[in-house]
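Alright, structures below, take your time with them.
There are two complexes below, and they share chain A, which is joined by chain B in the first and by chain C in the second.
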Partner chain A sequence: MRGTLSDRTGAALLMAPLLLFLVLAYAWPFLGVVKWSFTLPTPGLGQYHALLTDDLVQSVFIRTLRIAAIVTVVSVTAAYAITVVWVRGSPLQRVLAEFCILVPFWISVLTRAFGWVALLSNRGLINTWLQSIGFISEPLTLVRNEFGVIVGMSHFLIPFAVFPLASAMRSLDERVLLAARGLGSSRMRTFWTVFVPMTRSGIIGSAMIVFVFSLGFFVTPAILGGGRSVMIAELIYLRIFQSPDWGLGAAISVVLVVFVGALMALVFRYVKPKQLV
Partner chain B sequence: MQQPGRAAEIKANGIGKSFGSFRALDDLTLDIGRGEFLTLLGPSGSGKTTFLMILAGFVQPSEGRLFSDGVDITDRPAEQRAAGMVFQGYALFPHMSVEQNIAFPLKVRKKSATEIKRRVGEMIERVGLNGHEKKLPAQLSGGQQQRVALARALVFEPGVLLLDEPFSALDKGLRGQMQAEMKRLHQETGTTFVFVTHDQSEALALSSRVAIFNHGKLLQVGRPDEVYDRPDNRFVAEFLGEINMLPVKGVKPADNGATGLCEDRAINMRCKAEKVRGDAILAIRPEHMSIAREATAGENGIAATAVASTYLGAATKLDLTTRQGAKVTVSVPNEVAAAALRKGNSVWLTWPAEKGFLLPDGGQ
Partner chain C sequence: MPTYRPGPVSLAIAVLVALFLLLPLLAVIPVSLTPSRMLAMPTGELSLRHYRSLVEDPRWIQSILLSIRIGVVSSVISTVLALTFSLGVWMFQPRFTAALVGFVLLPMVVPPVVSAVTLYFLLTSVSGISSFFGYDTWLGVAMAHSVMTVPFATVLILVSLSQLDRRIDLAARGLGASVWERATRIIMPNIKFGIVTAALLSFVLSWEEIGVTLFITSVNAITLPRLMWMGLRDNIDPAIAALSVILIIITVLVLAVRSVITRRRAAA
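Presenting the complex of A and B:
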């Protein structure tokens, strides 16, 4: 037991700098934000009451949840397909998939958002091309709306969705798949009834990462949404930096953090954290 | 592997498999009879598992053809062969209950819900899993998981059941119990069983025939008593159990057998000497030799000295050295061993002429 104890002390010491950093950089300032939400402009629950009654705040909340949900479905589905190729494909397919997963990490989120503007805008590549082949006469509105936001966010989040899926697929016992085929199940059926259910923890982990990231997205919706599909992070920014309404901005932040915390607690009841990486 | 409920007859014709430069299986020709319990026995890397995977359709042979009931199935994918298969480690579906695992092959075959329910119920009854229907594999003991794997592989009445070292994860007591159970299932279903193991006692106890593999080659196939008592070569002789090797000189055919000189004494052998002439090795199992006080005229025997003993409960294993220095092990009653050791010097080692077999000198 002494060994265990000193092991634990050692682990705690190694963790200490990280913990200290989290407390100083996140927990402490966040407590300040919590304080603002109850004290600005006047002490009380006024800001939380406003949250419940303010139509704008509510519609932004709902839009954020909707976009996050759609982005989650899109990203996890696309990431699933990429991961299958990455983990189970031929050596060449693996290299290509790995390239596609890693390259986006080298390009800043800002660059990528403007890249999508260049592609999707009225005089962007896609509209120009579709008009030149005569497929459409008027440009499609692909950007400065929710569609653009969803495309841009999904593109950013797919690589993050890949890792929990890859870990689930790698730990899967190959013989179970062989067993299914040996029992008469086609490749397709084996995929849907055995492979996908067996990677469930990866899907949940992946979905959670994407969903939580989506809730806090700021730059991508700000650029690709063009002010028309404001998400919650942008609303917080506007409340604090544009209108001196720190109390409301703080209250929205608190609600967002509590919501994410509750969501993670719920998911961790079904999936162990270590299954996610 | 076609009609449900009917045992399949399988023919392997010149099957070979290479993985890169590694020759996993070489020119294998083997007939597996309808309803037979065939064991593929050999050390790891001997090709036995590769052959099982080829039978299942998971591995494509590099050459040769495979027939089931006269139909060429070499190119048929695994899901269309539908041989029942029990994997090492069972490979149960972890997200499905016992019931759902067993129902899987029937669902794939689009059987009606009532038929699935009935047949799964029967199978659960047959393997003794009543009361565990709703449990997940992770909630079961090793022996119970094994039963689920057997039930799942047999429920759709495959023509052949393939078993890949199914007992390797079980402790000894449970292993014996499951072996008995498998023998019973074989008799009840009448299906052809092909069983892979590296445990020779398991092979001898269970099978109607044993096929012994080494280095990708099929060395011998025969009934357990045939391969045990009359192995074709030294590897088979040694792999199936402990065996003594005595050099014999001047071997020549004689009336119903052969004669020769063992440690300068004339001996008679009932085994055929067509493959060996001159110098050879006489191989005899420890339990076929006995200890006598002195030589009896006309009986095979040589002088030896007892050097050590191992008490095994029912009998004692006695290590001896012959006058010319060959090391011999015999299995004898406990009091005989004690007496031989007390005596401290020469005893007489005898064996009946019909026991033992000749192998080429130094041959493999």
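Presenting the complex of A and C:
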């Protein structure tokens, strides 16, 4: 090191710009939001008290947890089914499965939510078709309710659920399956008692990703719920832009971050982060 | 090579999932061809009027140009910041690296709606100081998008650095190369694929960003997703279907080209 930069200065100079940028543009304003939650409209814990007592806020929290749980079960199950084919199928099956996973993954959340509107709305594909074959006379309400929200969110999250499952299935020791079959276990039994338990870390990882994503989901519930199935994220938006009640919006945000942080800490206590990717 | 292929039951379920994944993307095609002014299935005749309105209505063109501008600026900002940071981590391996990387990844992990409130706080505070750089300005949106995309850029660049052979850098160092020379002439040429990928991903993420954008724009900085959002909330404008079809076709083409390229690379 001929009298150039010392290691310490070099590291500091290279790493400082991004760290400074994020401190100023992310950490500092986040503290500002925390401050809002304690000071608006009046200083004190009033907003947090309101969170615990307000019926509307409570019902939105419960609905969000319920929808997130249902979406997690639906997405992880569906993702598991298609990942099995993506990882273990014939070459052609793999290409097709990859196409079905990656194309939706790269298409924006708005386009995908709109696709469901086109499919499920009163004058959409499904209702038009069912009416034209005379199966129903009045259109079914498939959207602007919780059903539409669950369908749209699951659709969005399945590709995200696929990746941890795929890496768990890829790293699985083939010989264990051979041993199970060699000892006379049926295909079905091998799948349920050997294959599925061995991909446990992938299942936990993808369930956590889907659940955490669902808790803070904004766009899909807002479009497919049509204001009737409000989740936490939309409630925050409404509190800040329509009520306007910045203090409560900020308090809900803080609670959401703490909840997600605690959840991730809990999962990481039992599963090492490395096993998830 | 896997010993056991999925059986008929798994295949049947996977086909259902695949249909579920593709159906809403296919459903926009007939809707985009409806002659009606409202969202509806075409009955009988087809029309390209909604594709025409994309070209003729200046709002669509303006928002597309704005989204491109914001995407390019925020992609440059986040790639440059991610690159310098990652070089610092890789070349010097300072103490507290894990904690610092964890901090940088926060915007990726924190629920997007909380990041949106945070950036809303930032830009409304900045608005008081500067009128072209705060709430509802394109520069403000570009900066907010950089915050959201920089963790992804950092992950991609750190991953490509982790695959780089340290001995190349040690050799350069032993031969007397300065930190600058090592970074620009030894390391960066070897991770250029990762850098380009990071820039492209940042652009794509900014291009389709809506969750944060909704919180930080109102009437001036109308990006393409923001315009789509406005057309989706109230009376659904079938022009969105036409736009969606175009975006889906572009995505499929890009993925097809990419898979051909990676297959060629693997074969070569």
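The definition used in the following text is that the second predicted complex is superposed on the first by the 251 of 277 C-alpha atoms of A that agree within 3 Å, B and C clash if a C-alpha of one lies under 4 Å from a C-alpha of the other, contacts with A are read in each partner's own complex, and residues count from 1 in each chain.
Criterion: a residue touches a chain if its C-beta (ideal position, glycine included) is under 8 Å from a C-beta of that chain, and two chains touch if they have at least 3 such contacts.
Just so we're clear, the structure is a prediction, and the values are computed from it rather than from any experiment.
Of the two partner chains, neither chain B nor chain C is touched by A:Leu238. In the superposed model, A:Val267 makes contact with neither chain B nor chain C.
Of the two partner chains, chain B is the only one touched by A:Val194; chain C is not.
Contacts of A:Ala69 after superposition: neither chain B nor chain C is touched. In the superposed model, A:Ala50 makes contact with neither chain B nor chain C. Applying the stated contact rule after C-alpha superposition, one finds that A:Leu102 touches chain C and leaves chain B untouched.
Contact with both chain B and chain C is seen for A:Leu178 once the two complexes are overlaid on the shared chain.
Judged by the touch definition given at the top, the superposed model places A:Leu130 against neither chain B nor chain C. Ranked by how many residues of chain A each touches, chain B and chain C are led by C. Within chain A, the residues touched by chain B in the first complex and by chain C in the second are 178, 181, 187. For chain B in complex with chain A, the touching residues are 56-58, 77-85, 87-89, 91-95, 104-105, 108-109, 152-153, 156, 162. Against chain B, in their complex, chain A makes its touches with residues 173, 175-176, 178-187, 189, 193-194, 197-198, 200. Every residue of chain C that touches chain A in the complex is listed here, in rising order: 2-7, 10-11, 13-14, 16-18, 20-25, 27-28, 30-31, 38-41, 80-82, 84-85, 87-89, 91-92, 94, 100, 103-104, 106-107, 109-122, 125, 143-144, 146-147, 150, 154, 173, 176, 178-179, 183, 204, 208, 210-211, 214-215, 225, 228-229, 232-233, 236, 240-241, 244, 247-248, 251-252, 254-255, 259.
Across the interface of their complex, chain C is touched by residues 1-2, 4-5, 7-8, 10-15, 17-19, 21-22, 25-30, 32-33, 36, 78-79, 81-82, 84-85, 87-90, 93, 96-104, 106-119, 121, 123-125, 128, 155, 158-159, 174, 177-178, 181, 187, 190, 212, 215-216, 218-219, 222-223, 232-233, 236-237, 240-241, 249-250, 253, 256-257, 260, 264 of chain A.
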